[in-house]
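After the structure tokens below, expect a handful of questions from me.
The chains carry the letters A, B, C, D, E and F, assigned in the order they are written, with residues numbered from 1 in each.
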Amino acid sequence: MKVVIAVIKPFKLDDVKESLKSLGVQGLTLTEVQGFGRQGGHTETYRGAEYTIDLVPKVRLEIVVDDAMVPDVVDTITTSARTGKIGDGKVWVIPAEEIIRIRTGERGSDAL
Amino acid sequence: MYYPYPNWLVAGDNSWQMTAATFVGLMSLPGIAVLYGGLVKKKWAVNTMLMAFAGFAAVLVVWIFWAYNMGFGTPLHLGGGSGIANILDGFIGHPGSITGPGQELNQANIVNLSAAGPPFHFPYATLEYFQFVFAAITPLLFLGSVLGRMNFKAWLVFVPAWTTCVYAVNAMLIWGGGYWATKGALDFSGGYVIHLAAGVTGFVSAWVIGPRLLRDRQSFPPTNLLLVAVGAGVIWLGWNGFNGGDPYYASADASAALLNTNICTATALLTWVACDSFIGSAKKPTFLGSINGMIVGLVAITPAAGFVNGNAAAAMGVIASLVVFLAWTYLPRVRPFSRVDDALGVVYTHGMAGFLGGIMTGFLADPSMVEYAAGKKNAAALWSSPNGAAGLFYGNSDRVLIQFLTACTIIAWDAVISVLLLLIIKYVLRIPLRYSDHELEEGDVAVHDEEVEPPVLAIRSDITQTLVPEGMR
Amino acid sequence: MYYPYPNWLVAGDNSWQMTAATFVGLMSLPGIAVLYGGLVKKKWAVNTMLMAFAGFAAVLVVWIFWAYNMGFGTPLHLGGGSGIANILDGFIGHPGSITGPGQELNQANIVNLSAAGPPFHFPYATLEYFQFVFAAITPLLFLGSVLGRMNFKAWLVFVPAWTTCVYAVNAMLIWGGGYWATKGALDFSGGYVIHLAAGVTGFVSAWVIGPRLLRDRQSFPPTNLLLVAVGAGVIWLGWNGFNGGDPYYASADASAALLNTNICTATALLTWVACDSFIGSAKKPTFLGSINGMIVGLVAITPAAGFVNGNAAAAMGVIASLVVFLAWTYLPRVRPFSRVDDALGVVYTHGMAGFLGGIMTGFLADPSMVEYAAGKKNAAALWSSPNGAAGLFYGNSDRVLIQFLTACTIIAWDAVISVLLLLIIKYVLRIPLRYSDHELEEGDVAVHDEEVEPPVLAIRSDITQTLVPEGMR
Amino acid sequence: MYYPYPNWLVAGDNSWQMTAATFVGLMSLPGIAVLYGGLVKKKWAVNTMLMAFAGFAAVLVVWIFWAYNMGFGTPLHLGGGSGIANILDGFIGHPGSITGPGQELNQANIVNLSAAGPPFHFPYATLEYFQFVFAAITPLLFLGSVLGRMNFKAWLVFVPAWTTCVYAVNAMLIWGGGYWATKGALDFSGGYVIHLAAGVTGFVSAWVIGPRLLRDRQSFPPTNLLLVAVGAGVIWLGWNGFNGGDPYYASADASAALLNTNICTATALLTWVACDSFIGSAKKPTFLGSINGMIVGLVAITPAAGFVNGNAAAAMGVIASLVVFLAWTYLPRVRPFSRVDDALGVVYTHGMAGFLGGIMTGFLADPSMVEYAAGKKNAAALWSSPNGAAGLFYGNSDRVLIQFLTACTIIAWDAVISVLLLLIIKYVLRIPLRYSDHELEEGDVAVHDEEVEPPVLAIRSDITQTLVPEGMR
Amino acid sequence: MKVVIAVIKPFKLDDVKESLKSLGVQGLTLTEVQGFGRQGGHTETYRGAEYTIDLVPKVRLEIVVDDAMVPDVVDTITTSARTGKIGDGKVWVIPAEEIIRIRTGERGSDAL
Amino acid sequence: MKVVIAVIKPFKLDDVKESLKSLGVQGLTLTEVQGFGRQGGHTETYRGAEYTIDLVPKVRLEIVVDDAMVPDVVDTITTSARTGKIGDGKVWVIPAEEIIRIRTGERGSDAL
């Protein structure tokens, strides 16, 4: 069992979601986050004061998958989230030791 | 002895007229600004509000320096006075400023109309300001069609140009004693001059300027419905000044217009809620549906408010709301509606509703809804011989045709000139009509360096511990 | 010669009356709509606002077709004219529409009262609309008790029914020249007719309809206090029309009523802030506390505004605010208050404050606060012989009792009939009074397919690249 | 026969005056409350709004019990009547309450001015309330300088003390017939009495109280610009009452003042937008810039509104906006501006704009903008012999100096007394002027147990399943 | 050391929090997230346009615990978050290599 | 490859961000979260009802780093986020198996 974490551009969410669905991914959890990285931020001005906003809105996806699925999931995300411009984001993979579906108590692949 | 004002001034009428104008002003700011600001996608809220505030200001500048007189001053006789060219004699007025003391303080007068009613009881400044708030709200209404992509610079040029070349003509033709006024066209408070005009202009401008980004069309959820409610409430009640102010006196007809306005709005709102509940795809009443219905009712009664009785007002609300509901449900699928990105649907809620209201006025105008009475002032008999306008149902057979032709004039002139003005801005002045795609993607942040709800984590880096001292602390 | 209005019309009075009505209208929309919309839990904000807009519209429809005349028209003599049954002779008026031209344009008149004061200086449309905005705000006030569970359909039936069977009776009894009016009951602008009525109706309706979900009672934090401030500010200043409009003239008494309204509100607000700071559990001043105090002050002065002097107004604010603060702190623990889920506490801020205000009026009404003056118009002596109302402190010993009995009548009638109407809606019309538990869990999304701040990530899937073309772009 | 009011009362004038006062009241609540509430950092929004509501109420209490008469009643002759001490004879009035029936209902009068103009057409209550809303907005304006750290308790003491010792003096000196009034100082609606006063007081108070937390100065992004738009719109249109109400009649001059107010505001707004676009560091138009420009225009025209013509009004907007834009861009770098944390920059938008407006009035006042006319009421000749005020450009050579010295008096008195009052509060009454650092870190939550948008996850733990029963459900 | 991650229905938060407290859990970090899964979304309509909202609001809990506590924590969450209806959520467990309390610099179990 | 997760006080964000930058960290992902722990919550009152808010606003940082960097990153965060008062937060470290830069498809250290 692994957790694939992806930080992507918000407007790519729909594409990524659709392609993951096609791949058979049945669920994921999404967080609105802010990213700091090579993609520069911007400046905002309020009543004469300049504010530096070096954080860019991103969407973070968290997907628990069977080990076998990891390469496909990672590839799918990488492809469908890509615009080729700086700030497209990252994907990383973390080991998960156990997964339980709260409703039924099922564990492992059955819980996905 | 001192006197506060000359004897032609009636304090009660001037009071009402200034109050009514202020209510109409509130419909724009904050009314439209936050209605639209709350309705657009969050990334466009600031841009929308700036467009509204700056547009309001821009109209006033041209209004006082030349445009007021083009709508309400002495007509330029361009036609030669016979045949169809007649229309050119009552088309537009001499441009001229209204900023001198006499032009503010003297007794108000609309040259072409002075024989048709009693003298005004207030000074020019009142009339000029009252008419300004109507001129100012019109571009703010059609802003609803073009927001989310129109360039702010182009907006700031288009609005004054449009006020000069389009609005002033609409006003002169119908209100300033111009051609259609002399033919007896009825437009109590701007069903045509304002709402039909806004619908038409918004629609053709959206076409010329092009649509919002695909991404914004696919996802344009409103920012905050509480702000929509603030705007909508101010607009409903502000309309008491819109329609109640147009008799130019705190008269019985003003009161009736005000009541009728609310009646039509109430039936239209409830009709739309019923449509949502019983015809709509989700079969659920919706808040934004109720606001759409409200606006349709307010617009539809505008050309009619003091001309029709309460029963007609109630019927107009039901009919207009039903028709516009169906139009907005089905027309977006057919051309030209399917080809134009009218962001907030101004062509439906203002254009069609204004058109419908004007035509229905031609049927329903009730001659017992006297506007001014001729005769001896104190005679008890006076008010039993009213001189109000009569529609088809009251025996005036060509009224509907006149209403229809007036609408056609407005539609044609406004559409053509609006397109022309935009093309001049684009190709002659070389000001881009729309933001670049990159700017469109980012919205407010890109074009104004502002966000409607800035992140709390924003950091102002130029302030350091030592910059501001501790005062006397 | 043309004349803009007949000679019974005084432009200044008509101007003020239309303006005051507009201010009162603004108290409902956007006032109450966003005050309550900002105060409820986020999942109920849309529902609350739709209830307010649609309720406002629904009252107008019954008002113009029958209810106005039931409150202010010719009384139906049901009693036979003697003994206790007398009350039935001044209980309710002949239903009838007010939508014809004459019913809008003729000089206004309240049949039963015409002998008691000077003739009105404005047309019927003004009176009808002015009274409408009072009729309309009342259900919006008691909405505060039942929101967060009441079914929208039931609401849309209950509001018109209640206006017809309850509000019209309240109005006739006290304002329309009905029974308690003839006994000299004092209710300047609706401490009883509106606020006591709203408190009572809200309370019994909350009981009949049942409480919000446990989860919503446990967690009902307000959506946004900035919107609460918008609503509260509009309500405070709008009350200048509420109480300032009720003399029916832009008279000296109107001015005094307006000033007194603000005085009582200021002392009540500061008293509540002091209570919060010194008695409250947290010993901290709170913003919502200041708003509660403000509302209590506005409500308490309503029955008294033009009857009491400024000192009395200041005292009333302190007393009402203190009493309601204590009531709201301690009563929720005892029956029946502990058994009814009055969501926003309308029974305290409107019911009790209205009741207290009415009783205090019985003590404090100052006969020097002339309402109308009898005698020769130009006589300087006129205004030294006022005919205002006197309370117990000014020697009128049975005034308090009359005020008390009037309150009892309102409480009893409104409670019984409200319960009855709700039971009829439930059992006869078979419209559920509350949403299903599933709908209650989801709130706005379930019942209106809307959210007050929709997620930015929402996707509109029916728009594709090709649907809308690029215009002339 | 009954009469609704005495024959000195003109309903139209009383109507306008009550309406204008209500518009001005709306500028404070909800106007300033949500303008500032929307502009501050989220953690201070509740505190800001509570300060505004409670401050408004606190002014009214001192106003009715003593302060009104100190500003507009019979002057205390403190000077002895000769030389420079003359100023003390027209410095402050006898304190006294205005809460009795006669003090509300009798014909209004400003003792020192009654010879200089026609008698008022409305009762005292109208004048007292109208003047109250001006007195009340002033502290709310300078709240903008001290918010984000000033202790609420100190605020609630400072505001009444300041109204008594500072505002009443400003008012008497210029409006109540005091020293500078007799010298012919011109301040139509409070460029000095209100805005210069607010700028000066805010600035020195910010200095005495000390700055916000470093962290808050470094990061103070606005809470929500939609609410800023609500406040700004209400303020712009409310200003129609602010300047339109100050002739005290619904006169031609009222109309002109209202129109001029809008003209200056429009040019100032557009000028600021142009500065932002062409001079500003980002070269982008901004919404908050447009609001700053708007406020500068409204403030600059305030001392001039009914004294200048429309051309002057337009010019004043451009000049004031440009100067204040440059001042706000460059002055914060130099002392004393670099040393004082004036949170919202009130010293620029109100202080400087008011000062500039007052001085420009000295140049531009146009004698043709008649305020009152002397002579035979019905004579046609009347209005050709106006008695308006003349500025330097119209041959009145010492007008500018008088304007300047009046400004100096206001600046000196207001600065010194404000500092003194704050020191008394701190050292004599021992009320801390600022919150503790811990409270400043948490903001609203710490000082009011409230948040502007409370977390939805908040749990009310005292409600359990059994506490509230199911009603009749 | 492990991290237990739980995605639950928001209104169950209070129950879960209380039962974790009883178990002796002293801290946790909570994020408002949106879930995509078997539980359907819904439709919203604004000015005639229909929006599909297939994301459901959820709360994500993140709890660092000693290895020994993992089974109890997982069980407690599973039990107290369960309604039995679709959308109750998931729990999964991830290995953590180190944990430090910022205030004191303590590490390991002491840092919890 | 590891993921360092830090939960800190929001107003310390700027300090932490700056010192991570100095260390050479080129990117991170940030989430606004709410923490439950020793640091007490507070009470809020609305229209007479008292609400217990036992959740405190925190900022959660998520930083993927090379194994070698972990100690420095952890130390830097610990130092720069410390106020010494209760509620300063935690840092923990999780193993990551892979990291991909979406824009380029680069993997491992190159993707950071």
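Keep this in mind: a residue touches a chain if its C-beta (ideal position, glycine included) is under 8 Å from a C-beta of that chain, and two chains touch if they have at least 3 such contacts.
As the structure is a computational prediction, the values presented were derived from the model and not from experiment.
Q: Check every other chain and keep only those touching both subunit D and subunit F; list them.
A: Looking at subunit F and subunit D together, the chains touching each of them are A, B, C, E.
Q: Can you compute the centre-to-centre distance for subunit C and subunit E, using the mean CA position of each chain? Integer Å is fine.
A: Inter-chain centre distance comes to 47 Å.
Q: Between subunit A and subunit F, what's the gap in Å when you average each chain's C-alpha atoms?
A: Computed from C-alpha means, the inter-chain centre distance equals 17 Å.
Q: On subunit F, where are the residues touching two or more other chains?
A: In subunit F, residues 31, 34, 43-46, 49-51, 55, 94-95 touch at least two other chains, as defined above.
Q: Taking each residue of subunit B in turn, which ones touch at least two of the other chains?
A: 10-13, 15-16, 19, 219-224, 227, 230, 282, 286, 288, 449-451, 454-461, 463
Q: Chain adjacency by touch: line, ring, star, complete or other shape?
A: complete
Q: Show which residues of subunit A lie in contact with subunit D when the two form their complex.
A: 43-51
Q: Could you pull out which subunit E residues touch subunit A in their complex?
A: Those residues of subunit E that touch subunit A are 2, 6-8, 31, 33-38, 54-55, 58, 60, 74, 77-78, 81-95.
Q: Would you mind writing out the residues of subunit A in touch with subunit E in their complex?
A: Residues in contact with subunit E: 1, 3, 17, 26-31, 64, 94-103, 105, 111.
Q: What residues on subunit D touch subunit F, complex-wise?
A: My answer: residues 215, 441, 445-446, 449-451, 454-455, 457-463.
Q: Quick check on the complex: what are the subunit D residues that touch subunit E?
A: 456-457, 459
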